[in-house]
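Below are structures written as structure tokens.
Look for subunit A in each of the two complexes below; its partner is subunit B in the first and subunit C in the second.
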Partner chain A sequence: MSTILVIGGGIAGLTAAIEAAETGYDVIIVEKNPYLGGRVAQLRKYFPKLCPPYCGLEIFFKRIKSNPRVKILTMAEVESIEGSAGNFDVTIKINPRYVNDNCTACNECVEVCPVERPNDFNFGMDNTKAIYLPHEMAFPLKYVIDPEYCKKDECKACLSVCKYKAIDLNMEPQTMKVNVSSIVVATGWKPYDASNLDNLLPEHPDVITNMMMERLAAYNGPTKGKIVRPSDGKEIESVAFVQCAGSRDENHLPYCSAICCLATLKQATYIREQYPDAKVYIFYIDIRALGRYEDFFAKVQKDENVVLIKGKVAKIEEDEDGLIVTAEDTATGVKTRQKVDMVVLATGMQPSSSEYKVPGIEYDEYGFVVPKEGIVAAGVARKPADVASCNEDATGAALKAIQVVRGR
Partner chain B sequence: MELDPNFSRKLISLGGKSLKKCYQCATCSVICPISPDDNPFPRKEMIWAQWGVKDRLLKDVDAWLCHHCNDCSEYCPRGAKPGEVLAAIRAAQVQTYSWPSFIPKIMAHPASFILFLAIPAILIYAVLKYAQANLGWGYIPEGEIVMSNFIPHIYVELAGFVVGGFVGLVALISAYRFWNAITEGGAKVFDIEAIDDMEMEIKARKSFWQAVLSALWDIITHNRFKDCGTSNYRYFAHLMMFYGFILLGISTLGAVVYLQMGMELALPPTDPVKVIGNLGFVALFAGTTWVIFKRFSDPERLGLGSYFDWFFVILLYLVAISGIAIELARLAESTTAYYIYLIHLIFVFSLLTYAPYSKFAHLLYRAIAYVYSESTGRKVEK
Partner chain C sequence: MTEEEKVEKKLGVYICTGCDIDLLDIERLKKSVQDEFNVEAKTHPHLCGEEGVKIIKDDVANGVNTVVVAACSPRVNTDVFNFENCIVERANLREGVVWCQEINDETKEEVQLMAEDYVKMAIVKAQKSDLPEPYIEETSKDILVVGGGITGITAALEIAKAGYNAYLVEKEEKLGGWMAKYYKSLPSKPPYIEIEDPIVFKKIEEVENNDKIKVYTSTTIEEISGQPGMFDVKVNRNGNVEEFRVGAIVVATGWKPYEAEKLEELGYGKYEGVITNIEMEELAKNGKIVVNGKEVKSVAFIQCAGQRDENHLPYCSSVCCLVTLKQAKYVRMLNDAYAYIFYKDMRTLGLWEDFYKSAQEDEGIFLTKGDVKSIYEEDGKLVVEVENTLLGEPITVKVDLVVLATGMVSTIKGLYTVKEEFPDEKAVPYKHIVDLHPIKSEEEVEELAKKGHILNLQYRQGPELPTLRYGFPDSHYICFPYESRRLGIYAAGCVRAPMDAVACMDDAAGAALKAIQAVELVAQGMTTFPRTGDIDYPQFFLQRCTQCKRCTEECPFGALDEDEKGTPMPNPLRCRRCGICFGACPERIISFKQYSIDSATSMIKAIYVPPEEEEVPRIIIFACENDAYPALDMVAMNRMTYSPHVRVIPVRCLGSVNAVFIADAMSRGIDGVLMMGCKFGEDYQCHFIRGSELANRRMENIKETLDRLMIEAERVKIIEVEITDFDKLPKIINDFVEEIKELGFNPFKGF
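Moving on to the complex of A and B:
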């Protein structure tokens, strides 16, 4: 009767869970993916200290592992929430992983698996086998089978090589019921679907999103951290960043996604670190580097190879060996046509509820969680925010959740 | 630079309702298929409109290079509808350059529509009463429907010359004022381009008459209109209205020639002049109907239009409808034809007399803007 349910195992959910557990409350984390860490796990570096994400995530995992009060359910979804603050009956569905706890991540199964699937962790920029480890640093460190691609009984190649009897192709979905006092909704976000931006050539392989750029730059990404042009692997001589691609736009996301300006400035440094001569063009409406991030903006601005142009890109065209982005430079009143090797669309944050709504949770018109008695929102489920703000937000959410458990 | 907040308000009242929403991202200037590279529109007009930079807006020839495609409004992230703001700027220019200036001021109020229709109605009534008393015509005749038995054509022709003279005079004044405003500082005549080995290439721009010819070609073919995306239907609809009007004009000229030849004007439907007239009517009516229908079917995307706009559209439509109604009544041998004829005369008088102050004047301003843009090279190269 004193448990807190945390929906979502990203940076906000993990923070809320561990803060509540270390204060002495039982916590259940329900995570839809086969791994914890959410969007942060996909980044190359994150603010404010620009360390690789596993700096922070590893510490969380260690704290979770050593705390018996935290129960983790991966590949799990909340099916229903009934009751009221202090007494919620929650049904949780656990999807089959087809791999049990015996798994030692020896990788023998992957070597024999004949089927490939697009790697969603890398936004489809490479493939994994149908049995795969979500990513190198995945926690829990267990393989998983994608039932959409696995041929199951027709194949069974992995079964025969697994020495630990870790694979069970007959695993069924399970449902469990729990009673909790309060719920923290930290279901996070997804990158806004760039295919809606029909004037920005979204289907072109060299027009990528900022999250794809994180994967390109990440050491465990599809190119092992080398940023190259996706279509042909060419080294980068010039890149254009298109700010507010689908954000602050009534036709797409009407709100400011809060993180894209800093993400672009950060990614400009990824490119400049790898290519000392490359040119980076950042097209913006206005740069929103708030608070202490102003210093980072100033630092990037000093780089002579980073050109900031005030004017939104509204047209991208394919050209011989490259792309041409067009914007009106509002400082000079001239339409600039810049030829570049690749384009990064700084797409914004859309709450995950846009594709998956937790039954029993109320959402506003944009898909952000509307809090009510006993149900607290944390992180991007509440509003667009950077990692540091999500941590602070989640700590506050943990306190709110504890207040319900204890009674105020 | 003088700022006039009242001018902002004026543009809002003329249909640029959302202009204050603009946050200057310049999506519009890029998405516009007919905006030039150097100082593209409509982003600059949007900030001028917000600040009320009256003198620049009134000299802004770019407003007339805009064909209200609405591609800008479609992609505008703020719903600021630059397409409607530019239409409002055009309306403000028409009101500014026409003469005498009290007419557009009164016309700006929708309630005055009745007044503007009442003027020709009273005039025609007075003429009829006078004719009945002194000239022996103006009574509803009996027998076969022949308009000249009711009002001899020579008087209609005379009225036409009076109205035409007045309209021509006002148009000349407007054109003179507009041309002076947009060419202030002189039109650019030469292009200077640096080429290799420290050489320069100096290219003379088109001469005035070359520019006039190119502009005419663009008008006849609706070349510039063609690139419109969102409101692409307007290219076809306007083409129909445009040629409908020209056909009606040709048929009117034909009628005048017939009159000079002493012929009777109750023409059979097979007469070539009548055929051209009817074709013109069909094109005009269909084009106008299409425009009205489209506006109401998707007002959010295509814009419902301002009163300034509708003043013209409604009159045009009324002229077309009453014109065909006369013909139908005449074919049905009903004397209502005479009454409809009177109503038709009121509408025609209104359409023509108020042309320099209404959206009808666009043909003058836009043609001048075309000539200017041709002579200065202010055009999207294809």
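Moving on to the complex of A and C:
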């Protein structure tokens, strides 16, 4: 039976894979992280329902668990793609996890590991041990070792406590070759690097990105879900959101990242829920709450403590006990200087190809995938979009992949 | 299957002692299994490893067909503990006991009893379950596409390209829908800069040359009866009635414009030079844009006309910003005239930003944010007064033409869809429905029924797709956008949500996939989302039915029709196996092979209830599999602990909890019942739409039962749990245990 390859195990990749598998086709998911779920696993809630992403992910994982047609490769990357529609030869590199399938997730190893590493799941805002479980809902539920930090043979503390012979410090990268009929590229995105936005003081600890805010608000984040000012742990009295930080900008990302308006409105609700007296200032160019999302916008707007200012932020400066945001209010023409405890930069989405281009895939000037015969893109690999749109086009992508398998 | 045909059950019980489960008294656990079930439980320190699994596999090869694995959560190692043709039940001793319990000298005994109960409950459930047989009929794999606009046409082409037959039904004489009426369309592929000839014409040609697509124009649907795989469609083509059978349906009937007549305040209907964006397309098709015999030299576009407005359409139609930019380009290229665009926000999302930029760079197009104060005629020109602009002061422009960017309304809106959306005063409406749909009188309902229909489904609950807000079909639109409340029927394009043509084409492909998936699954007797692949369907012992109609009304998917007497007529292929009917039935005549009244009440009976003197309460927690049960597992993953006096029973949906479970539990001396399920209400989370809502409503009846038993109503509680609420659960559980202790022990203990 011909197989479909899905590159990327985030929400778009999961949707494309499971929808194709449930229609009766074999699918291989290649995911570079040790866990599936991609970026949405790092979100606290989805807009506009303010519901947890894990709810949907649980259903995806349940469907995968009961479907033998889906094969999952984590710690895996595509090294090359050769051939043509109906007959692609793909080389996949599997990076060593240093933990094998015997792992039962009992956590004994973590208790004895002497080394810490920055937790990339929380954007470096806290640490894990060198051996760790990416997060408690990680699927596959297996631990992983970070080779950059692990002391390997000098230590071996984890080996000594693991009852299940699950740790193999000598694991080597492996290469495997598969032959597939069609490919869905769902490699997603990475947050635009805020350090490029010099005028917005991105290096300051109290100037964070919208993704970091999601982690702050999450129970499995660095502060157990309490949103506080990173530099000193102060409770929030005022926060400024800077929209289009690095998007709709010739010097950075020329396109609109599609989600940041709604993400900011959603995050405004996080703040308002924790701090009934806090003030939220949103500096925007256009509020893009399309379709039924307008309801959500209308609801958040009704909150008197949420202030919307149409104006591009010119600069952010440090003050003795806070930050000052300078912007020109385009409605009144008046320059505003707003003092706040913390600033959230609504940075955009840059397709993952900006970091790693899969050999054999064609990309356009922005880094989005150019589809060709037998190769289709889904999710943000295709265009900036919210979760609902990613799921929609991933479903369509599954169909296009199936059409190639069926040879029409 | 008759009693004689039933396969004899040979039980095997396997206990893993890894992952701290050996903190329990394993020998005592084995003894309790031996004493009660006469089976020797086998143990292994790493049951999920190769060696451990081999023990089970060898037994299965030797005839064991009922396997109980007492180890980690059923959510983990699902593929490992999976044995063909066997009933497999899991007792959660890891996340369910040793990882969520404080184990010390004081608690040891209670924790041990907890483990013993879970193993016994799993065995009893396994014993009372049977392997299901699928409901197999000869089904069609053809697909009906309703609506021949860009969405329907694309869906039909995608379906054909995948190798399936499509019936494309269009009520107008010609295919093409709205797009065929446009002068030009938005760019259909990157770079999104140049407007182009509508792509729909090319696609119509493709459809007409495709032998897998049967086109019916000038055709309406008379009625559709049956179920997925066997939808019997009756159509009327120009007076001739034809019938055919399909397996699934894609609804792509698109949109209708918001009635501009309601926008008098913007001058529509008052002045000839005030038109809608749709009327603008017709004008543009004539070559030069001419109004009142004059070539237009300036045009003002008013965005969000009758939208984002509580008095008209509260939502945003998503495309009008793009359409106006397109039409501003018409003004420039056809008339070399000037265009003003007054907007609230320019919503050119994602890569459409390039299209916006190309308009911004055109000197003949002037854009500003602003609120239109008034529009009136003066000296043959239309005067538009705008305030709150970006210029810091109000503007007044005098133009030849004003175009109102009016919005899109789903073609389902205004139709009589399902009974519950039009409840009469006698019915008790569901909260999330009554918030959206005000109660109608019987006359209003009759009027609505006359307004026409799209599908005219012969479903007892109503003829159309149930809607969520604003007439758009109901679904979990973030994660699972195509799943409607009618299995096998999928909506795509603007009937589902306002979207641009590119998005419509993408949507068509998505709905086409779902339709194909549905026909493939139901051909095997399997259900679709979320219990995809499940072949176990509810069976009805109709002899004892009292025609109370609870099941037929409460089924969220309309799976049950009714005969004249009110007896349910099940349609298994419409069913998503949620068990809500099972939970509703007061006579308890419905059951699944792997979930029955007997299996559930036996599990409750298997719980050891200590006598009152021991002063130890027993509380049952019914936890929904989708959110609450995973949240409980997460509590354990974080090594947070809660009371050992509780017994968690996972259920597929809180709606599948039958009141008899609670009555039985109470009469056995269980002190309290806590039901944990998904959020209900407008932004509901329940994956079966209203399972938890119904469970909540049924509490009223349950309280009555408790009153008759002279048991305090507070002993039964229902709470909404999100999957990320695990940090709150220990307190919620422990608080409930305390509340029960305050109430005192169940007087039925020891009876």
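Here is the rule we use: the second predicted complex is superposed on the first by the 406 of 408 C-alpha atoms of A that agree within 3 Å, B and C clash if a C-alpha of one lies under 4 Å from a C-alpha of the other, contacts with A are read in each partner's own complex, and residues count from 1 in each chain.
Just so we're on the same page, a residue touches a chain if its C-beta (ideal position, glycine included) is under 8 Å from a C-beta of that chain, and two chains touch if they have at least 3 such contacts.
Being a predicted model, the structure only gives us computed values, none of them experimental.
Superposition of the two complexes onto subunit A shows subunit B and subunit C fitting side by side, with no clash. Of the two partner chains, subunit C is the only one that A:A289 touches; subunit B does not reach it. Comparing subunit C and subunit B on the residues of subunit A they touch gives the larger count to C.
By the touch criterion stated above, A:K177 is placed in contact with neither subunit B nor subunit C. In the superposed model, A:A327 makes contact with subunit B only, not with subunit C.
When both complexes are overlaid on chain A, the residue A:K299 reaches neither subunit B nor subunit C. When the two complexes are overlaid on their common chain A, residue A:A258 makes contact with subunit C while staying clear of subunit B. When both complexes are overlaid on chain A, the residue A:K372 reaches neither subunit B nor subunit C. Here the vertex is the CA centre of subunit A, and the angle it makes with the centres of subunit B and subunit C is 120 degrees, a multiple of 10.
When the shared chain is aligned, no partner comes close enough to touch A:K156: not subunit B, not subunit C. When the two complexes are overlaid on their common chain A, residue A:A314 makes contact with subunit B while staying clear of subunit C.
Nowhere in the superposition do the C-alpha atoms of subunit B and subunit C come closer than 5 Å.
Overlap of the subunit B and subunit C contact sets on subunit A: residues 248, 330, 333.
Touching subunit A in their complex are the following residues of subunit B: 23-31, 35, 37-40, 43-44, 75-79. Note for the complex: subunit A touches subunit B at residues 199, 244, 248-252, 285, 311-315, 326-328, 330, 333-335. By the touch criterion stated above, subunit C contacts subunit A in their complex at residues 18-20, 45-46, 48-49, 72, 75-76, 78-79, 158, 160-163, 190, 308, 314-318, 345-354, 357, 369, 388-390, 392, 469-470, 472, 476-482, 497-499, 503, 506-510, 512-514, 516-517, 520-521, 528-530, 532-533, 626-627, 630, 634, 637-639, 678-679, 683, 685, 687, 722-724, 726-727. Interface residues of subunit A facing subunit C in the complex, by the touch rule stated above, are 19, 22-24, 44, 46, 48-52, 54-56, 58-59, 62-63, 65-68, 102, 104-107, 136-137, 141, 163-164, 218-219, 224-225, 248, 254-258, 286-295, 298, 310, 330-333, 364, 366, 368, 383-385, 387-389, 391-393, 395-400, 402-403, 406, 408.
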